[in-house]
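You will see two complexes here that share subunit A, one where it goes with subunit B and one where it goes with subunit C.
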Partner chain A sequence: MKFTITRDNLQQGLASVAASIPTRTTLPVLSNILIEADGAGVRMSGTDLDIAVSLQVAADVEEEGALTVPAKKLQELARELPENPVRISTKADRFELACGRASFKLNGMPRDEFPTFPAVDFHDAWKLSGQVLSTLIHQTSFAVSTEESRPILNGVLWQLGDREMRMVATNGHRLAVMKQAVNFPGAGRVDLIIPPKALAQVERLFAGGEEIEVGRSENHLGFRQGGTRIFTRLIEGPYPNYEQVIPKDNDKHADADKAGLIQALRRMSVVASEQTHRVRLSFNPGLLRFSVESPDLGEAREELEIDYQGEPLDIGFNAAYLLEVLRYIPTAEVHLTFKAPERAATLEPVRPEGESGPDYLCLVMPLRLLE
Partner chain B sequence: MLTRTEQIPQALQSMPRRIHVLPDTLANQIAAGEVVERPASVVKELVENALDAAATRIEVSIQNGGKTEIRVADDGCGMGRDDALLALDRYATSKIARPEDLKGVRTLGFRGEALPSIASVSRLTLETAEPGSVGTRVRVAGGRVLGAEDCARQTGTTVLVQSLFFNVPARAKFLKGAGVETRGIVDILSTLALANLSSAFLLQSNGRTLLELPAAVDLPTRVADLWGDEIARRFISVQLQREGVSVAGLVERPDVVSPTPRRAHLFVGGRPFRDRFLIAALDRAYRTTIVQGLRPSALIYLDVPAGAVDVNVHPSKAEVRFRDRDLVEGTVEAAVREGLAGLDSAATLDATPAMPQIRRLTTEPRGGGVPDNQLAFFVAGARRGEPPPDEDAAAGGAVVPLDEAVAADAVPEPEGPPSLWQLHDTYILAESRSGLLLIDQHSAHERILYEQLMRGFGSTPHGPDGVRPEAESGSVAAAAVGEDGEDEVDVGRSGGVASQRLLFPLTLRLSPAEYTVVEDAMVLLRRAGFEMEPFGGRTVIVHAAPQPHPYFSPERCLRDMLAELAGGSELTRAARNQHERIAMTFACKGAIKAGQRLSPREMQELFDRLFATELPYHDVHGRPTVVRLSLQELERRFGRT
Partner chain C sequence: MSGLAPLRGHEDVRSALARAVRAGELPGSLLLHGPPGVGKQRLALWLGQLLLCERPGVEPCGECRSCRLSLHLQHPDLHWFFPIERPKGGGSPEKLAEGMEEERARQLAQIREQPLRTLVSDKPIGFFIQQMQTLRRVTASRPAMGSRKVFVIGDAELLVPQESSPDAANVLLKLLEEPPADTTVLLTASDPDELLPTIRSRLLPIRVRALPADDVARFLVEQRGISADAANRVARLAQGSIGHALGFLPDGGEPGPLEKRRADARLLLDAAASPRAEARFAAALRVGPAGARGVFSDVLELLAVWVRDLAAVAAGAAETVVNVDALPELEALAARLPDASAAAPRMVRLVEEARTLAHGNVNPQLTLANLLRGLSEALSS
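This part shows the complex of A and B:
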């Protein structure tokens, strides 16, 4: 293998792939990056066996070939190189790099030790805007569970239908769902459960407006756009019936200023218990009262004017959950609904007159309150 | 005693007189039955006399287990001739004169019984001399004084007891072999040595030295001289003063408590005594820090105000009676528990752990006005019956002021957050001022959750109100719950047990035994944060669960808890009541697991919360949460010393 590449292309290629390379691994070849050179240019790939990222970078290929090289070292090296063309070649398992008056030799490993990528069929691929998909990912995947006993909840649900797609994530305490109109005539409904780590790569590499293709095989999903591909393992379902738990009969409605809410909650959090982050919200006509009582630390109180006309309601929450959800509400004003102190609360954006956007709803389960 | 003759019935008055006063020798022999049982009791009485005489060096030598000969020589104040003869009379004592003296008696002897009793059952030679005067030798056989003569002697007293029980064959028959009797003498002398640090002791048997104890600067030194350096390093020191009762002593570090027989010694006012209730209080203090059923060793020194203890209730003074027994037991338990909260109670990797550090006495704010004379037992130069040493003397030498010894190390690195390092996703390493701490993340979190839930239940994790009769626990809990099951415990104030509503309620099918547990413990489980209801058959629905950490699985925790509660385990059997059982199993099943990667923030929070618990160094199974490694040990290993 022999090619010449600009320093920037090398850096950019390595940076795109690096995030899929595990920092600690029992399989040494996984900490390497696969570099392949052929007529089309140079392809760089990395994987942690759950997801794989592969991308094409422009290069002047003199001799085809492939080798895997320690990713971290190569990336560190590329970062330090002067802005000169980089000449790369291999001698057996030895990787050689020359740039300006510097030259380096790194020990690589042959390509056949590197895992092969899943065969994903892009023939009947869904085609959609990378930007739309990234918004869905961004607004929902924060809500996935970190706890490992229910692997389903460690994934993000992506529901694709003929006219609408949705993305849903929850840890069983709070939930985020976003809907987007699409046009996939005759595609039927498909439920995919995807590791958030893969979606983070999608969001990172495909955030632009270009159309991306999404193809699937039995257990894998592939995203591609131009020379860049992301493959991921799918989590086996079924996903819990989230629609059933989204309250339809919440009869208490409030509109509040998001920034005001966030600031008050952040202040409350300082005094709230480290473990439960428990804060009490008391809704009264026109006024929301916050309070926190922490046995070791002390108390905190605050008031915020809000638009609320319902009966007085006292409800407890994990302030961290509320703050997190509020951070993702895309508008300056937020609409909250409640039913009772032990029932789910919902938060939705309030879009200014004439503005429209995808349907977005977050749901937070309360913490039990004292009398 | 009758005082008026008219009360004596006619019949008795007409009877011939049969009552007569026993001759002294016989009376003394009867008294000897109570005071002098074995050679060891002779040694005890004679050595106590030497100590009462302010001896600084006491030499005991025995032949044939003391059956043939016991010699006790001291350098105490000695006696003049008249006193030497008087001392052999019954009820002759220099130590008390009036009934009220008994209340505050600080000498070991006071009944004036020992010398005549011993003399009545042996051939006894007393040699004694007061400072600057000629000595006296008195010889007695079977209680009869054979004669008194001058002899040359330095100040002090030597009592030679030969042929014990030569004139009471019935008693001689009950003596054991020389080996057993010798062991008895070693034990009694050891006990006296533990109570009298500033005197030197020597014990020789058939010319061989069994104990050689120089005057000790502090208790750990005496323990090291007596039982060896390695044993001394197994102890930690405890101190507490509460409402006039002061407790000080050494107790065994939980990680080295083993199933071998324990060494337990109790002293009050420097006087050894037995008391199984105090030993039980000691064992209570160790709860959760050692495996259930192990018996920790301890040396406990009590001091109580004059009149708060009666030492005159037992013939050999082996037992005492406290006026306020609950206070004494409570103070012992609290003192030991406080000791078990310190860093020195943590398990250690050191091959040679530090000697126990004697600290200045902790005085509770509401402590009584009794002087801090407990130090008498720890610091050289202080003697029983003498005023306690002043503060400065106490702070010097081996005594480390409390705030330096404890505060310096208990919470590591006061200047900033210690850098924490996770090892194999299981242990957290932290730097402390004296070296390195290895924290087991699971055990540490167990301790945190256990104490938190016990507080949530309204019981202190270790205090006496944790002791609740089994039957009561249900009703106490039930009383806190309204009719409609609205057991809204004040989660804010009750230590942070909170219950997160679940979006997808859990449905659990249970075994019959597990279902019974849920039915019995429903109220407590709810207060632990598990809100559930029966759902027909043996199925329950869980609507809300606690959330002790971000990786917590309510389903797994609850299932594991119910399985253990239904099946029983060492842990559930160790619990005293349902509160503890629930808290222990919740802690055990709900705590962060080994193998869980933690962020620096999470480690820091775990660390901070661990050191905010009552017993940060011990989990609830009797295992350590922290193992420490000292700089001294590292220096030794790297050859820096």
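This part shows the complex of A and C:
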């Protein structure tokens, strides 16, 4: 292999792939980056087996070939190089790099030792805007579980249908679901469960408005745009039936100013128990009262004017969950619904008239109030 | 790059397993059980390689990419877990889980470098809950390269590293209760009775036998390049276990770990046969007051072999002696004692009782003082 590449292209390629390279691994070859040169340019790829990132960078290829090289060292090196063309070549398993008057030799490993990339079929790919997908990811993936006890909740559910797609994440205490109209005629419904780490890469590399292609194989999902590809391993399904927990008969509705709600909740959480973060919300016509009583610390109270006309209702929440959800509500005003103190509450954005956006709903389970 | 040591023997089990794989009838969870060191984990890895092979026949082809990665312990869908020392320092569960994966990576790297490493540990080892949670998380993902994921869990009796700590085992149990369809779990154990009954009942047991001494000797000659004489002597000591045989061989100029333990066990036999009580107490005090489940248990196991050899010599069956290098001393000892052969059953029982105590983590000094007194009484009556 032999090629010349600009320092910036080298740095950019390495930076894009770096996030997929594990810091510690039981398979040493995974700490390496795979570099392949062919007629189309140079392709750099890395994987931690859960996700793989691969991208094409422009380079002047003299001789085709491939080798894997320690990624961290190569990236450190690239960062320190002067702004000159970088000449790269290989001799057997030795990787040689020259730039300006500096030259380096790194011990590589043959491509054969590197796991093969998933054979994802892009033939019948779903095509959608990177921006739309990024919004779905951003608004839902925060809600995934980080606990080990139910691995399936460590993933984000992506449901693709003919007319609509949804993304859902939950940890059992709170849930976020976003819907978006699409047009995939005849595609049928597909449920995919994806590690959030992969979605974070999609969000990072494909946030622009360009169209991206999404293809799948039995065990993997691939995202492609231009020369950049992201592959992710799917998580074993089926995902629990989340629709069952979304209340359909919440009869108490309130509209509140999001910023006011957030500020009050933040003040309440200072005094709330550090274990439960329990805050009492008392809904009265026109007025929401917050209160916290922590026996060993003290008490806190606050009021906020809201739009509420239902019967008075006292309901407890983990303030941290409420605050987290509120942070992702994209509008200034938020719509809340309840039924009873032990039933799930929902939060939705209130869009100003004439504005529209994707359907977005967050759900928070209440905490039992101590009388 | 180096990789796994070659698999030796067990042709009957291999062909039965390969038949089951070909017929698509291999159960999702198996237990390979048999004497320690006979190659159960190696056999499980072989089965993993066969399951992942791109052109499987009666044996894995050994040449496809998948086979090459498996043999180098680099296959992303072949996961090998074994008991480890608990990482130093505490920290959050995440830190512990990371520390355990690092330790596993370190040991895998060592095996890749030295496939014939002797798998004998001085420190107490076990499986911990974080390790099994890591394993469970991996099972939740689809395979990375092949069409299946294979998990080998060696020395599975250590899923319960000490009495009343079944946490790790229970995490694995959750997996065995609802295994994903594309997952094969292979446990190995030399003492399957030590597994939780709930786990054992979910595994199809497969017996792996000790190898003929000739096979062990040939392996040592081919792989370690020692003389046929030395190989035969060690093979006899190892009683059909390549793992044990490797433990008896010198390691970097030092006697092998098992060789040291055999010498320690021999000292215990001498102390038990000594007419002086202080010799027995001195021997008991030579061991530490803690760590009964580590080296101490191995020494007791080898003591039982010495007792058996002494009895064989006393009964006039010197040709069955395992510790052949000590034959003259054993004969001298037997001649001095009233009737070592008649005392043997009681002695072996006493040693077994001591091993049970050691497993329960009773102070080794007390266990040993008590055992040596019992053995001494048995020998002098």
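Following the convention adopted for this analysis, the second predicted complex is superposed on the first by the 369 of 371 C-alpha atoms of A that agree within 3 Å, B and C clash if a C-alpha of one lies under 4 Å from a C-alpha of the other, contacts with A are read in each partner's own complex, and residues count from 1 in each chain.
Heads up, the rule we're going with is that a contact is a pair of C-beta atoms (placed from the backbone, for glycine too) under 8 Å apart; a residue touches a chain by one contact, two chains touch by 3 or more.
These figures come from a predicted structure and were not determined experimentally.
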| item | value |
| --- | --- |
| Fit or clash - subunit C, subunit B, common subunit A | clash |
| Partner chain(s) touched by A:E293 [first = subunit B, second = subunit C, both, neither] | first |
| Touching partner for A:E355 - first (subunit B), second (subunit C), both, neither | neither |
| Subunit B versus subunit C as contact partner of A:P240, first or second or both or neither | first |
| Which of subunit B and subunit C A:T25 touches, first, second, both or neither | second |
| Per-residue contact with subunit A, leading partner among subunit C and subunit B | B |
| Partner chain(s) touched by A:L175 [first = subunit B, second = subunit C, both, neither] | first |
| Which of subunit B and subunit C A:D249 touches, first, second, both or neither | neither |
| Which superposed partner A:S273 touches (first subunit B, second subunit C, both, neither) | first |
| First (subunit B), second (subunit C), both or neither touched by A:E148 | both |
| Interface residues of subunit A shared between complexes with subunit B and subunit C | 148 |
| For the subunit A and subunit C complex, residues of the former touching the latter | 24-29, 49-50, 112-113, 115-116, 118, 148, 151-152, 154, 195, 218-220, 233-236 |
| Touching residues (chain side subunit B, partner subunit A) in the complex | 486, 488-496, 498-504, 529, 531, 543-544, 547-553, 555-556, 605, 609, 612 |
| Contact set on subunit C toward subunit A in their complex | 1, 65, 68-69, 72, 74, 76, 98, 101-102, 104-105, 108-109, 133, 136-137, 139-145, 147, 180, 182 |
| Subunit B contact footprint on subunit A (complex, rising order) | 146-150, 170, 172-175, 240, 242, 245, 273-276, 278, 280, 292-296, 316, 318, 342-344, 363, 365-371 |
